[in-house]
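What follows is chain A paired twice: with chain B in the first complex and chain C in the second.
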Partner chain A sequence: MLRKYAILLGAVMALAWSSTYANPEDDRMAFEKYFTTKFPEVPLNDFQNGIYSVDPVARADWEQIEEFPPYELAIDAGEAEYNKPFANGKSYSDCFGDGAVRGQYPYWDSERKEVITMELAINECRTSNGEEPLRWNKGKIAELSAYMSYISRGQTVDVKIPEDDPEALAAYERGKQFYYTKRGQLNFSCFDCHGTGAGKGVRLEKLSPALGHTTHWPVYRSKWGAVGTLHRRFGGCNRQVRAKNFKSQGQEYRELEYFLTYMSNGHELNGPGARR
Partner chain B sequence: MKKYVISGLLALSFVVAGTSLAGDEFEAAWQAADDKRKEAASMKSEWRDTKKMLDKAKQAAEKGDMDAAMSLVAMAHEQAADGIEQAERESVMWITRVPR
Partner chain C sequence: MIKKTLMALSLATAMVLGSFGGGVAFADEEAVNHGKSVAFNRQKGNCLSCHMMDDGDQPGSQGPPLIAMKLRFPDREDLRARIYNPLEFNPNTIMPPFGLHNILSDEEIDAIVEYLYTL
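After this line comes the complex of A and B, so read on.
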């Protein structure tokens, strides 16, 4: 009974909170302001360097690592794969042209009524040409993605939410709700760590600010010893708070990517990245 | 001699009935916990270890360690119920965290 009242009270508070309706652009500006206010010394275009934008000690290590980037082998492997013809004689270039397309993803497909990510498009390119799909999180798909991200460097994040399609906005809203919802036995939302907690430490690691979180994928992590995709990271962060992770490239994570990438609109793509 | 055999058989049948009763009770409790887990999952609020606990409970039951099995089921059930409660709470509270 008490619980019912508590939820009701919460609902009233939440309603009062949300009574002024926000649109995605207002959301994005408030999101950006949250981080630029919290870290006034960090230049706006440095946030895409994640934890290294707010942790000078770790940054020095990282700058050294970037002199001989650990993701270079993955880029080369991805390039070779990109240029290898499929069994039917076609290749990735029949789907993606020169491959410098990272900036076009994720996007809302109004006919299919779903968010299309670059990794999803890579596998659909394969299956529509009679090839087996690749596994989502690492290996070949991350290498292809590393190559395509590399040649897309310098493009600007520009996620669009088509105004003539209310279902696109609904997908964005679901991604947004996912981001702020506490989950798991430890009862944390993404924002609890990467917003409220940004710059603070969890065990030995500091927490990166969420602004710019999507600009540099895939990432070579020392912990993984390889490049991995954004959805692999999502899964890891969910499990970290002892929540069950969701399927890579399932609806939840694609809509999460749609929201989170929109929050970084205007930022420069700088993938692939290197992280601890 | 005959008497012993009969009472022995009788005792055995009690034991068998006893374990299968415990077995039925376990099955029902396990199923209820797993249903709760699925309900939490449908609210996108399943916790990481709930399924593992249920798997371990099955293994313990197969080994005949019913105490361990039942206590794992109880823990899994509680996790699932907490996940559901968390989802209900969060369905209204999440928005209070959005920067504005």
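After this line comes the complex of A and C, so read on.
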């Protein structure tokens, strides 16, 4: 009798545990299923094309734009910058080898206890070699990022959350919390627009689905007339819902990138991208 | 048979019109116009970003079309509350709480309700 109770108690506790602490892989599968159910006609490997996976009219325009991609100049500028030696004679290749490293970011640094993004690593490469850091959102850093993403095309998103470090999981959880929290005067969470509202119109502009959202950054946005980084877009999204944006490459956005990129694990990197 | 169906249809139409057409006549025309301008203003209600309504250009499709509003929301206070704080009715809605977050003033929400009752 006692044994029976013990088993029952064990089962209840296991249930409680599993429902309180969903693991990231469960999250990712649920996330993927949400979008594949919502857009059954879209092949899984097409979500990397963002809004164009679900908006055939915009896609036709975009395919034309991709014949002479507006981000080409940025790739060239980024390549020149990548190969330019620092004042100390070293260069980016001393930090990143051939530079095709987009697939390694973002990652959890167990010693520093923080998420490292590629843009953060670019600036740390500079400062450790005695160079001034670049501004985070646009210009040189976006060009370097465009070049490095371009030569990383075809790699697979494979963000890892080290199981032996609970602080990595905590960072992921904070990113997830950020993603689903309603904020700003207009009270939108990231998921409100890019999950619930995905594929539906705000005026005539359709909202992009979140699955595959991080694969194609940095992006040349016609609205910007230049390439910009993912964190620049995060800031713009936050301001659009009338919230105060967080600092680019601050803890909040890096952990958001950690969560959001994990959600696209298995998808192909195809940056830089072109968007309206 | 066709004649009978037509008659039934026109009778039904008349009944529907009768049931919510009356509001227009009694509504304060000035408030209705004000409500429409607040509803269409991108810095104010910006309802068109998500709802098809009236003669508004380029409506979005996040929310349902705003038609037959008096029929669907016969209780004016209920309709008003749904604009003031829609989360009270559906915690997962993506519609902003226009009153609770001071996006619109009480007076502006009243004017919008007035206008919606003409749709």
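Observations, loosely collected:
We take it that the second predicted complex is superposed on the first by the 255 of 276 C-alpha atoms of A that agree within 3 Å, B and C clash if a C-alpha of one lies under 4 Å from a C-alpha of the other, contacts with A are read in each partner's own complex, and residues count from 1 in each chain.
Quick note on the criterion: a residue touches a chain if its C-beta (ideal position, glycine included) is under 8 Å from a C-beta of that chain, and two chains touch if they have at least 3 such contacts.
These figures come from a predicted structure and were not determined experimentally.
Legend: residue contacts after superposition of the two complexes on their common chain; A:K160 is shown touching neither chain B nor chain C.
With both structures placed on the common chain, the touch criterion links A:Q185 to chain B and to chain C. Number of chain A residues touched is higher for B, counting chain B against chain C. Contact with chain C, but none with chain B, is seen for A:R203 once the two complexes are overlaid on the shared chain. Contacts of A:K113 after superposition: neither chain B nor chain C is touched.
Residue contacts after overlaying the shared chain place A:C193 against chain C, while chain B stays out of touching range.
Contact with neither chain B nor chain C is seen for A:R135 once the two complexes are overlaid on the shared chain. Taken together, the two complexes place residues 185, 187, 192, 196 of chain A in contact with chain B and also with chain C.
Note for the complex: chain A touches chain C at residues 185-188, 192-193, 196-197, 200-204.
Remark: chain A residues 3, 6-7, 10-11, 13-14, 17-18, 20, 22, 26-27, 30-31, 33-34, 176-178, 180-185, 187, 189, 191-192, 195-196, 238-239, 242-246, 252 touch chain B in the complex. Contact residues of chain B toward chain A in the complex are 41, 44-51, 79, 82, 85-86, 88-90, 92-100.
Residue ranges on chain C touching chain A, taken from their complex, read 48-50, 58-62, 87, 92, 94, 96-97, 101-103.
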